[in-house]
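Just dropping this structure here.
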Amino acid sequence: MNGQYASLLIALPLLGAFFVPLIKGLGKKAIKTYVLIITAIQTGIAAWVFQQVYSTGKPIIVMAGGWRPPIGINLYIGHFAALFVLIVAIASFLMAVFNFKAIDVEPIDKYAMLFLLLMLGATGMIATGDIFNLFVFMEITSITAYALTAYNKTGEAAEASLKYMILGGIGSSFFLIGVALIYGATGTLNMAQIAQLAGNIDPTVAQVGLALIVFGLAVEAELFPLNAWAPDAYQAAPHPITAMFSAFVVKAGLYAMARILYLMSSVGTWHNVLKLLVVMATLTVVVAEFSALRQRNVKRMIAYSSISQVGLIALAFALGTQAGVDAGVFQMINHAIIKALLFLGVGYVAVQLGGADIENFHGLGRKMPVTAFGITVGAMAAVGIPLFNIFWSKLRIILATVEAGYTWAAFLVLAASVVEAVYYFRLIHAIWFEGEGERISESIPLVAIVVALVILVVAIGIYPNYLWSVSQKAGSDIFNVAQYIKNVPLMGVGA
Amino acid sequence: MFDWKLALEAIGMVIYATFMGFIFMGIERKAMARIQRRIGPPIYQPIIDTLKLLGKKESVSHGLIYDFGPVFALGASITALLFIPIANFQLFSSNADLIVVAYLLEVPMLGIMLGAMSSGNPYSALGVQRGLLTMVAMQLPYGLALIALIQHWGTFKLSNIVALQQVHGWSITVPALLLAFIVFDIVFQALLGLEPFDIVSAPAEISMGPMVEYGGKHAALLFTQHAVQLFAETAFFAVLFLGGASNLLELLVKQIAVLFIAIFVASIYPRFTIDQAAKFFWKWPTIIGIIAVLLTM
Amino acid sequence: MSERKNDEFISYELKEFKLFEPLFRWARKKSLWIVAFCTGCGGIEMPPLATARYDFERFGIMPNPAPRMGDLFLITGYVTPKTLKRIIITYEMMQDPKYVLAHGSCPINGGVYWDSYNVVKQLDKYIPIDVAIAGCMPRAEAVMQGIMDIIRKIENGEADGWKRYRENYEWYRKNQDELFGEGWREKDAKRWLAWL
Amino acid sequence: MNELMIMLFAPLVAGFIAWALDVRGIREAVGVLGTLVPLGVLAKYYSTIAGSNPEVVTQTITVGGFKLIFQLNTISWYFATIASLIGVAMAFGMVSTSRSSYEWLFALMSYTGVLGVFLSGDFVGFFLFWELMTFASFMMVLKRSRHESLKYFVLSVIGAYAMLIAIGILYAKIGALDFGTIRQALYMDAMLGSISKSLTALVFLLFLTAFGVKAGAVPLHVWAPGAYSEVDQSYTAFFSGALSKAGAYGFLLLYILMGAKLVAALGIWHNHMVFSYIIAWLGAITVVVAGFLAVLQEDIRKLFAYSSVSQVGYILLGLGIGTPLGFTGALFHVLSHAVFKGLFWLVVAALVLRTGKTRFEDFGGLAEKMPITFAMSLIAVLSLAGIPPMAGFASKWLIYEAAISAHMPLVAGAIFLGSALAFAYVVRFLYAVWFGQRPSDLEDVKEAPLPLLIGMAILAIPNIVFGVAPGLVTEYLGKFLGNPVGGNYYKLVTPTGTYNALLVAVLLVFGLAIAGLIFIYGAKTRRIPVTNTYQSGNPVTEDYNLSMRRNFYRPLAEALDFWLKYSWDRFYERLAGIAEDFADFLREGFYNGNVQSYAWYLAVVLLILALWGVL
Amino acid sequence: MSVPNISAFYFGAISLILIGLYAVLVKKNILKMLIGLSIMETGVNLLLISIGYISGKSAPILSEGIEPNQAVDPIPQALVLTAIVIGVATTAMTLSAAIVLYKHYGTLNVEEIRRLRG
């Protein structure tokens, strides 16, 4: 059985999205269950693909329309893509469960469509092997993200989505210029072939093209000066969508940036692009942490924390060493789990107690103990406390950073994580030891999800070996480009 | 294995020290009187006083610790005494060195404090506070003087120091140790609680300081302890700086010489208040001590 | 009377130390500590004794502020009820054997203030006096003579004021309560609390 | 071989069970059992470690790609036994003082953390358990007060991250993380000098901050008073008894791993190793400053907190001297400080539990009401003040010997002053709490509960045993340090001095006998009430409290007013304020909500890219 | 493919992009910003087309008269098609957001729309 049905990963959400208007008449609950089923199937397929790729060790190549690359567009589902498509699917499934409780604004069918398209866009960005296809999927993700940010129909939501659109628009147009330059220089759009030809193209054009592509993707991946839209978008978007944003949408952009960065590694001036990225990533971590320090709105605080952790991943990728990339991937997985847990918890509190201000969190320990416990574990894990999962990945990243010679970056990142510890523990103190309140009943499915995620976090914290080996394989998938080129069956045509 | 000779020697030494201690207290009062052109009490007056206190028909106590305090003080003084190499009697000095003896000489202070504190009298509490602050103030120069000495002779053992002094001449002949001698002498005033630093039991202000509630046999115990302490301190001083002694008479002469220095200083100076004393101790004696220590580095 | 026996102020053990008694009597004679609690106008008469001219330290006499250690209690001059309260408390704090030396005529019979409402006419009714020195403030020589009398009395065992106080404590107590009223100690102690 | 694992994780598992069950009886039992297991395992291993052929017990597990090595050699056995001894005492203390299972969970987690720090043989395990220990103790403080706990956490996390960077640098330069290889590489490197002098200095500074924070050296001691006093006192016995020892262990580790390299890099000055001279002076300053601050405190917990900081200063000083004698003194002081400070904190726990008060002016006259606790505190007082027949004196004596014979006179002078201050604040505690007139509201105070008393007994016995027989400890330490201290188990003989503890005890008894004889000879004593004291004749009443408990050392404060103007607390508060304002400025400045300015940020980045291309 | 010769079309495209960027950066009114955005997109599309253009060749429609090697490179043209569609979608989205903003904020001036900040 060749991997052709792996293309179902792309087809299923697309078809699902377009069938939504048909069942619009059956009422809101039906639509939500429909979305749940679609995401469940998607998770099943993704799990099967993951098992297939990791057992055989060979990536699955899907040729669109049977055309062999570089003419046709191919989906390259390697170790990383398999892993991350699974994470995207699981996260969407969890958020689909959360939809039941969190979403009641009127046009549910449009929400369901956008929800599925967002999942599609992210999966596509990760799986594609062609840079223009990457641009198309990126645009799908961005447009659905703009719509979903404005979904709440409040003034703030519209303002946030406007900011996102303008900045996203500029970013994607420059990304397109980059693609045009690369295409102009190499004459092909297929990533594998670009990697082959990148060596002998004119260095200035290659550098400008690479810089512009990285710039375009950096807007999507929230690096320092370009992430001004992110806090507002996270705050204004509906709760499940914020969770999806931080869990995988940003990461898809980050992965794409890393993929292209390492493809073009044979370009002459590759190293100072990396240096620029290290500087931007460190600044992201520092600025985001400091801005979260005196935050009244907990959702915005966790948004800042998510941006800073993503900055940490970007730093790991920008180190340019195998250890750095592995650590970055490991951090990506842990961060996805943590942020899903945190945004789920905070969102659920905002839904139950109306609003995500710190006042509602006073005495949460008594009002909603399980959610409070989930948020506490998520916060402690995010800070990097030993028995939880981020500790291992943060340790890996710091060791890789210092090994790569950026000791100053390690200093700044650790100073920032001290600040992170301060505001997270202020939150924990507010939850458990301040204010009082009587117990409110919490819905069973959400409690189940929170407990499952907590168990996952602690399990990885105590026994990270399996996940570390998975992320090592995924890291090598990105890092050694030669293996990537061998895997893609190029037709050997080209200049 | 219990060698009787050492035990007898020890008991003899304790009796001798107590007796000589009382005589020293008598000399002290007699000399003060003679300086003030008074006849002054007979030298053995402290013995009479102690006997009178012992003879008291009634004895009052504020509790177990009130009784334990003076007993512990006297016990500690006797222990300290037995570790100092008195003249040709080695006693137990081979088993302890300078730091141990210096600490043992300060332990009676805790005994007196314990008793005074448990009496519940505010005057005694004030006396305790002043006693402790004097001790804190004088500890730094005291330590520096001892350190200078140890660094010069290179050993902590008292018996070795005495032996070295027999060979190389007294400590005060060495210039650096002369400075240490001066510092130690100032500290000696505070250790004995004589005039410039007798804030501890300032008679006029807080009526005998810590000893205000003591009467009868408790006061007798404290007087005996003061006597033994006086003898031990002067012997310690003589051993450290004046080259110990081959026989008791020579030691006695040195002890009385040291005592007279203290008496002359005491009968001239008015009393320091406690924070003046602290500031004084941390200014001049400490500076001289540091110089002495650096010289003997 | 019986419950008076173990009154917390006075203890009644009269155990005699037969063996050392002559030694202790010699020691008591040779070392008298004065409770420097100089009441009344004679207080200024006592310091000259300590100066070079008279120097009572020759006889082992030393002014000592703490009553617990003191033996010789000097009542130097007139005694008002307010001072008498302090005198009684201090006297009872002193440990046996203790002697009282009354200076001047006021403690004997009120002296110059014989008709004053506020002076205690006969001190002997309240605390036992061993030696009284007549004179409206006797000079230093007279006081020295008084002290020599005290020493002589101690020597031949006559100075038994403290024994008299103990044996007929009841009589003394009655006189005191008669003057100050019952339970005057607690009342007086609490009087100052409001002010503090 | 996996006893090490059982020993290490038994408390953690017990903590979780106690937290999960949360039933009054079972929770305490599980907790106490959890602390007893490590002590049992360590006792079992005593024969292999300290026996004739001492062989090191090791155990390696791979976690997340890192190979964690756990080893039990002489020095780690020593520290682990002290920690578990205090842990058992803490457990007994907490049986009567802690109400919630939250405290049991995090107390036992910090216990595992400390054991992990002592047993780990490589930096990742060391850092992991170091963070775990910090986090668990922080959560104990978080429950009581936010400000103190955050101050504690920020400082110790800064320390932990400084250590992480130092580990990273070493990992980058040497490529390995376990102590054996690092030690070998650095030893070789001392000659070759491939790691530059400045880099070694940086690594030394980072390790200094990391271990200085945990040990509480002066500039970084700010968290200690708050953290020690806010927590449930019987846990503080462990907190200040064992956790501060992790800092001391860190300094010792510094010597073991980087000793040769540091000497080669930082050189020798007046035949003292420069880096050890710095540590010695750090210790000396800590002793004096914390001593003065301890004397002037009004709150009983603050007094003992500063006293802990000052006593750990002694340990640093001992380590700083650098000679084997210095090490013996320091490590002996680790034991004696853990023991008598643990005892003090249990006494404070009993006092706070029974009276509910913490300031000196509310205490008084408790000696009759709580006689056993009073006896225990008397033992602790004698030991801390350094009265000869007690453990405190033996270790302090060794440190004196080492300091003076290593020609560090001014440092030795600092210890003299420090020990006098220790004497002063300990006597102040005795007076304020146990003696004098009892305030009326303390009439119905009962004796401390039985488990707390057991805990105190556990800690009091070693005080006396190691006091009278210090040789036991020095002989064990000798195995590791090339026995600088001779003499049998009750007599210490060093090249320059001797101290015969048993003889001092015997003579003290002999002296007490003589004094007792005189005492018995006099008239039979009659007990009189507290009101029968000489107030120059005025009658005394129970209502007005005559004892002088507040501002006991007011004159000393006046003598020191020049120095007391400066305080580290205010300095750190201002620093934190500046950091928070900077954060506000950054957030308001950058995320100002205007899309236009966001677009300008993009344009600026484009400009940089354009210029980049040109460069 | 040799280095694309920098011909006039590139200057046109780049200038269009810069004009669009200028409009977004300077104009206070949201609509003007959106117009600037779409100008930028057209500029990008023009750049994309001009990359595939080979002077002197016809449009890449293989009608009967045109041989493959006479036609211009068809791929960029395909890319531009999708880019235009995406441009339309984004512009529609931003305009609807502008309408909602106007309804809530009552103004289109970018300075006033600043509720989400800090």
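Quick notes on this one:
Just so it is clear, A, B, C, D and E label the chains in written order, and each chain counts residues from 1 on its own.
Here, a residue touches a chain if its C-beta (ideal position, glycine included) is under 8 Å from a C-beta of that chain, and two chains touch if they have at least 3 such contacts.
This one's a predicted model, so the numbers in the text were calculated from it and none came from an experiment.
Shared contact partners of chain A and chain C are D.
Among the remaining chains, those touching chain B as well as chain E are D.
Ranked by separation of Cα centres from chain E, the top chain is C.
Among the chain pairings, B-D comes first (most C-beta pairs in contact). The chain closest to the protein's centre is D, with centres computed as averages of CA atoms. Once the centre of each chain is set as its mean CA position, chain C and chain D turn out to be 58 Å apart. Rounded to whole angstrom, the centroid-to-centroid distance between chain A and chain E, based on C-alpha atoms, equals 27 Å. Separation between the centroids of chain B and chain D, computed from CA atoms only, is 35 Å.
For the pair chain D and chain E, the distance between C-alpha centroids works out to 68 Å.
Within chain D, contacts with two or more other chains are made by residues 523-524, 526, 528, 532, 534, 536, 587, 591, 593, 595, 599.
The set of chain B residues that touch two or more partner chains comprises 54, 56-60, 207, 212-213, 216. Under the contact definition stated at the top, the residues of chain C that touch 2 or more other chains are 11, 13, 15, 66-68. Working note: touching chain pairs come out as A-D, A-E, B-C, B-D, C-D, D-E. Those residues of chain C lying in contact with chain B across their complex are 11, 13-15, 17, 20, 23-24, 26-28, 30-31, 33, 51-52, 55, 57-60, 62, 64-69, 71, 94-97.
Residues of chain D that touch chain B in their complex: 295, 365, 367-368, 382, 385-388, 393, 397, 400-401, 404, 407, 409-410, 412-413, 415-417, 419-421, 423-424, 427-428, 430-431, 434-437, 491, 496-500, 503-504, 507-516, 518-519, 521-528, 530, 532-536, 546-548, 552-553, 555-556, 558-559.
Across the complex, chain D is touched by residues 10, 14, 54, 56-63, 65, 67, 70-79, 82-83, 92, 94-100, 103-104, 106-107, 110, 113-114, 117-123, 125-126, 128-130, 132-133, 135-137, 139-140, 142-144, 146-148, 150-151, 154-157, 207, 212-213, 216-218, 220-221, 224-225, 273-275, 278-279, 282, 289-290, 293-294, 296-297 of chain B.
Only residues 523-524, 526, 528-529, 531-532, 534, 536-541, 543-544 of chain D touch chain C when the two sit together in their complex.
Within the complex formed with chain D, the chain A residues making contact are 162-163, 166-167, 170-171, 174, 204, 207-208, 211-212, 215, 218-219, 225-226, 228-229, 231-232, 272, 276, 287, 290-291, 293-294, 380, 384-387, 391-392, 395-396, 398-399, 401-403, 405, 407, 410-411, 414-415, 417-419, 421-422, 425-426, 428-429, 432-433, 463-465, 468, 472.
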